[in-house]
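In the two complexes below, chain A is the common chain; its partner is chain B in one and chain C in the other.
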Partner chain A sequence: MYKGAQIITQPVGKEGDLMVLNWGVQHPASGPMRIKVWLDGEKIVKVENDPGYVTRNLEKMLEYRTWENAVVNVERICFIDDLGTILNWALAVEKLADVEVPKNVQYFRVILAEVGRIVSHLIGIGGMFGALGVATPMMWVLALREYYLDFLEHYSGYRISTAAIVPGGVRFEPKKEDFDLLRKAVEETERRWDDYKEVFIDNPTLVERYKGIGIIPKELVFELGLRGPVARASGVDYDLRKRYPYSSYEDFDFKVVVKEEGDAYARFLVVLEEIEESVKIIKQALEGMPEGDKWKIRMPKKIKAGEAYSAVEWARGGIEYHVVSDGGTGAYRAKISAPSFMNIWALEYIAPGHKLADLATIFASLYICHGDLDR
Partner chain B sequence: MGFESFAKKMEMYFGVKAEEYPQNRVAKTYMFKIQPHHIREVAKLLKEEGFNFFHTLSPVDYSPKGRGLELNYFFESIEERIWVLIRTEIPLENPEIDSIHDIFPALEACEREEWEKFGINFKGHPRLKPLLLDDTLQGKWVQRKSYIPEPHRK
Partner chain C sequence: MDLAWILFKTLVFPGVTFLLLVIFATFYLERKLVADMHGRTGPYYVGPYGILQTVADIFKILQKEVIIHREADKFLFLIVPAVAFIMVSLVAAFIPYDKNLWIVSTPYDLVISLALLTSLPAIFLFAGWVSKSKYPFIGGVRVINQLISGEIPLWLAGLSVALWYGTFNYVEIVEKFDIIGFLVNIVGFLIFLVAILIVADRPPFDIPEAEQEIVYGFLTEYTGVGYLLLAGAKFLEVFVLAAMTVTLFLGGFKGPFLPGWVWFFIKVFAIYYLAFAIRASTPRIRLDQLIRFTWTVLVPLSLLNILLVLAVKAL
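This part shows the complex of A and B:
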C-alpha cells in the first residue's frame, strides 16, 4: 500500500528534529551533485556537499598518456572552457622541455583562451538566469555563443573539446576565414551587447533574488583559497593574467573586474563584465598579431626528468598543474588543482541562514562546473 | 612579517634553508624541505608571516624509484607575490601526517581527496570519508603507483 512521501527526520544538536533534504543528484539547478540540506522550516541550518558523481580520475589517466595525447584528457576537465586547461598543459610541458613558442603562437593562444572564457561566461550567465527559471536571457546568451563556436568549429573541426592547443604551439595554422569568423563574432557581440546589458543588469527578477544573497566576506576568500570571479567579487584583486602574465598577456590592455560587495549579484556582474574585457583582448590580439609562419615547434618525444608547476587564469579561476616527469614519454604524475573544487566549499559556510529557495541562486552564482569539481 | 623573516625563522627553528624552485612557471618560489612531524608548526608560521593563500597539495608516489611518498604544499603571499613550497616525505608503508585543516581551512577538502586517492592518514582530520571516488574504488588507493587500473579493452 502506498503510504505517501516519507519525511526523513534526524536530530541535530540540541535543536530537535530538522528535515534533511537531498538537493540533487538530479536537481535541475545542481547538476550531477548532491547537496545535503538540513532545514528548519524554510531556513537552511546546515549544508553538506557530496560531489563525485562524474569522477573520471583524470590524474591517473594522464599517467598513461604521452605528452601530446594528454591534451585529449586535459581538455575534458570541463567541456565549457576547454581551451584554458589545454593552454596550461602546453605551458607546463614547455616549461619541462625548456621550449619557448614564437610570439604569433602566443597571441593566437591568447585569442583561443579568451574565446574559451567568453563561451564559458555566456553559459555561466545563462545558468544564473536558468536557476531562476527565466529562460529568455538563457536563450540569448546561447545564441551569441554560437558565433564563437562557429569560429572554433572552422578552426579546429570541433565546437567543444577542440584540442586546438598542443605542447609546442597550436594544432593548425589559422586561415584568413578563421579570423573573419572571429571578427564577425566580436562584431555581433558588440552589436548586441547594449541590449543584453539593458535586459540583464537591471533585470528585476535577478536583482530581487541575487542582491545581498550569499555574501562571501574577503577573509573567507583567503581562508578557503577561493579563486576566479568568486574571489574578485569579494574585493580580492587576483587575476593570474595580470599578476603573473603568461603567453604575452602583458602586451594587452585590460582591467581586472573587481567588486566589493561579495554577494551573488556581484559575482554575476563580474562574470558579465569580464566578457567585455575578453572582447577587448581579442580585438587587440587580432590587430597586433605578429608576423610569423611557424605555428608549431617540434617537441621531443621524451622529456628530461624534472617537474613543473603551472597556472593560468581559466574561466572559473586559476587552474593549476603540478607535473612530474621521470624522463619518459608521458607524465609520471600530474596533479590537477581546479577552481570549482576550491570554490564549492564556500557553500557550506555561506548557505546556512538563507531560505531553501536561495540555495539555487547561491549555487548558480558560485559558477561551479562539475567536470572540474570531480575531475 | 614577510618572506625574509619567515626564512630566518625556518632556519632558526627547524634548521632548513630556502632553496630556489625555478620549476614554478608562475612566480618566484622558494622550497623548504621539512621533517613531516614539523608540518603543524610550519603551517602556523606560514600563516603568521603572511603566506595566507593556499594553492595546492600535491602528493607524488616515488615508490618505484625506491623512495616514499612526497607531499608538496604550495602557498602564496598575496602582498609579496612570493610562493613557498613546503616539501616533506613520508614512508608509503605507514603514510601518516598531521592535518593542518584547522590552520588553513582550504586544506580540509584537499586532504580528504588525497586520503581517498593515496591513503594518507591525516591525523586529526574531522571527516576522512569518501568524497569523489566510486564505492568500488574505496580503499584501493587508486593514485598510488601500485594500483594498475583494469583496461576497458584489450
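This part shows the complex of A and C:
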C-alpha cells in the first residue's frame, strides 16, 4: 500500500523519483480547489483533494435569515443550477409548516427545476469538452442556454440566481409570454439537438479520450455515497424523482438514464441524455398544466418548532436539507448535504494509475460544482 | 543597388518587418476564424473589424513586468526566447515568396530548414528547464517526446519531395512542380500536414501547452517580452511550416493570372484555415496516444511513401 505521508517529507530523488504537483488552486482546469498529485513521470501515483477555498458558511448564514429570505442564500449553493436548491428549501419549509401548495404551482416548479437541470447539464457537457482544450462545444451550448436564460429573465427578472421559487409557491404569476419563451427554448433545443449529438457523441477523439477512463465500480458508489449522474453512470438506478417523488414528479413520464460502464464516457452520456428527458418533462408539464390562479400561499411568519428533512434530485445528484425550527422567523439550524462534496472523493480512488492528461478529463467527468463542494 | 536590395529584403520584405506582420496577422486571423466557428464575433472594437486588437494586446504584453523565478538562471531564462525567435526567423529566409523574392537560396534549402526546425525542441526544453518550475519542466519534456515522434515523418515526407524533384532547393522544386508531381506526392502531403500540426504544437496535438493539464507548458513562467518572443516564435513556426508545405507540395508561388506572391499567400491561408478548423473541432489527444499513432502509423506510412515515390520515378 502506498503511503503518501512518507513521500512528502522525503527529498525528491528517492522513493522512485516522485514529483508532487499542486494541481490548483490557480490552474486553468481545477477551479477554486487544490488537488495534490504525486507523479511518476506522467503517471499519477496518488491524488489528494483539498477543497475549501470558497467556503461561505451558508449553513450558518441561513440561521440569520427569515424563512423566505433564506432562498437567496440557498440558491448560491451553486449558481449554475440554482433552481433545484431553492425548490428543496421551499419543500423543507412547507413540510415544517404543514402547507400543501396547489397543483399548478407544483407543475410550474417542476418546469423551473428542469430548466435549471438543462442549463446546468449544458454547461457540464461544454466543460467536459473544455477539459480537452476545444472550446467550440462550450460556445454552442452557451448559445442554446441563452434561450432558457431568456425565459428565466422574463419570468423572474434575473438570468441566474433567480429566487424564482419561494416557500409557499413561486415568486410571480407566470404570464403567457413566459410560456412562449419556454416553448421557443424547447423547440430550439430539439431543432439543434441532432447537430449537437453529431458533434458531441460521434466525436472520435472524445471517445478516444473518455472511454475506459476513470472507471467507478458499483461498490465504490455505495461505499462513498456517490450521487446523481456519477452514480447512474455506474449502473445504480437511483433517482429521487422516481424513488421518492416530490412536487408531482409522479405525474410525468420519463426514464432514468442508467449506464453500466461507469467510465468517464458513460458519465458524459448520462448527462447528455438527461437533457432529453428534461425536455420531455417540460413539454408534458406545459401541456398538462392544471388550471389555477393561486401561485403563492401565504406562509406564516413564524413556523412552529420542529424538524424537517427534504431531498430533491438536483442537476448534480440528490441534495438534502435537514432544517430545524425553534418557532422563530427563521431556521434554528440547517444542515445541507450536497452531491459534489460526495462525488469529489471518488477522484482519489479512480485517478491513480492514469496519465496526468487524464486528470483533467476525469475531474470534468465527475461534474463538480465548486459552489456546493464548499458551501 | 544590389546591397540596397538585399538590405530591403532582409529588413522589410520578406525579412524582419514582414515576419512581425505575420505574427500580428496570424494572431488576428486565428482569433477571427475560430470565433466564427464558435458562433462568436471575435475582435470587434479596436480598429476596423478589430484589426488593431492584436496590436493593442501586444503592446499590453510589452508593458508587463518581466518576472524571473528566484531560482531560475537569469541569463539563460532571458536568452532562450530570443534564440528560439531567431532560429525560426532564419527558416523564413529560405522561403521563396515569388520567382525572385527570397533572401537566401542554397542547394540545401530543405535540409537546412528542417535542421533548424528540428533543433527547436531542444530550445523549448531549455525554456522549461531554466524556469525551475514544475509545469514548465513537464511541458519541456513533453515537447521532446512529441517532436521526436513528429519530426521523423516530417523529414521523411519532405525528403520524398526532394527525391522526386531531385533537388533540395526550394526555387527549383517550385519551378519543377506540375500536376504529376502533386499527385505522386499526395500521400506525402497528407503526412506532412499531420506532421506540421505535431511539430508546431497545433491542436489536437497541443500536448506540450495543454492548458487544462499543465497550465501553459514551457511558457508558463514567461512574462512580458520573453513571453512575446516565445509565443511569437510559435506563431512564426506555424507560418514557416505552412509556407514549407505550400512550397514543397502545392507549387508555392506558381499559379495563373495573379502575381506569384498572391498565389503563395492564398495557399498559405488555405493551410492556415485548415489548421484553425481542426483546432475548433478536435479535442486534444494524449501523449501516449500520439506517440503510438506516429510510430505505428505515420512513420511506416512515410517510409512506404518514399518507396512509392522511388518506384514511380523509376518507371
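Quick note on the criterion: the second predicted complex is superposed on the first by the 358 of 375 C-alpha atoms of A that agree within 3 Å, B and C clash if a C-alpha of one lies under 4 Å from a C-alpha of the other, contacts with A are read in each partner's own complex, and residues count from 1 in each chain.
Criterion: contacts are C-beta pairs under 8 Å (C-beta built on N, C-alpha and C of every residue); 3 or more make two chains touch, one makes a residue touch a chain.
If you're wondering where the values come from, they're calculated on a predicted model, not measured in any experiment.
Participant: For the three-chain model obtained by superposing on chain A, do chain B and chain C clash or fit?
Facilitator: Once chain A is superposed (C-alpha atoms), there is room for both chain B and chain C without a clash.
Participant: With both complexes overlaid on chain A, does A:308 touch chain B (first), chain C (second), both or neither?
Facilitator: In the superposition, A:308 contacts chain B only.
Participant: With the two structures laid over each other on chain A, which partner does A:246 touch: chain B (first), chain C (second), both, or neither?
Facilitator: first
Participant: Look at A:139 in the shared chain and tell me whether it touches chain B only, chain C only, both, or neither; answer first, second, both or neither.
Facilitator: In the superposition, A:139 touches chain C alone.
Participant: Tell me which of chain B and chain C touches more residues of chain A.
Facilitator: B
Participant: Which angle, in steps of 10°, is spanned at chain A by chain B and chain C when each chain is reduced to its C-alpha centre?
Facilitator: It is 130 degrees after superposition, to the nearest 10.
Participant: Contacts for A:161 in the overlay, against chain B (first) and chain C (second): which applies, first, second, both or neither?
Facilitator: It touches nothing on chain B or chain C.
Participant: Would you sort A:329 into first (chain B), second (chain C), both or neither based on which partner it touches?
Facilitator: neither
Participant: Please indicate which partner A:66 is in contact with in the superposed arrangement: first for chain B, second for chain C, both, or neither.
Facilitator: neither
Participant: For the overlay built on chain A, what is the smallest gap between any CA atom of chain B and any CA atom of chain C, in Å?
Facilitator: Nearest C-alpha atoms of the two chains are 24 Å apart.
Participant: Shared contact residues on chain A for chain B and chain C?
Facilitator: No residue sits in both footprints.
Participant: Can you check the complex and tell me which residues of chain C touch chain A?
Facilitator: Chain C reaches chain A through residues 37-40, 134-135, 138, 203-204, 206-207, 210-215, 279-289.
Participant: What does chain B use to touch chain A in their complex?
Facilitator: Going by the criterion above, the answer is residues 23-27, 29, 52-56, 58-61, 65, 72, 74, 78, 81, 85, 104-106, 108-109, 113, 117, 130-134, 142-143, 147, 149.
Participant: Given the complex with chain B, which residues does chain A contribute to the contact?
Facilitator: On the chain A side, the touching residues are 51-52, 55, 57, 59-60, 91-92, 95, 222-225, 236, 238, 240, 243-244, 246, 306-311, 318, 320, 322, 324, 326, 332-333, 335, 337, 341-342, 345, 374-375.
Participant: Considering the complex alone, what residue numbers of chain A touch chain C?
Facilitator: 19, 21, 27-29, 42, 129-136, 139-140, 143, 199, 203, 205-206, 208-209, 355-360
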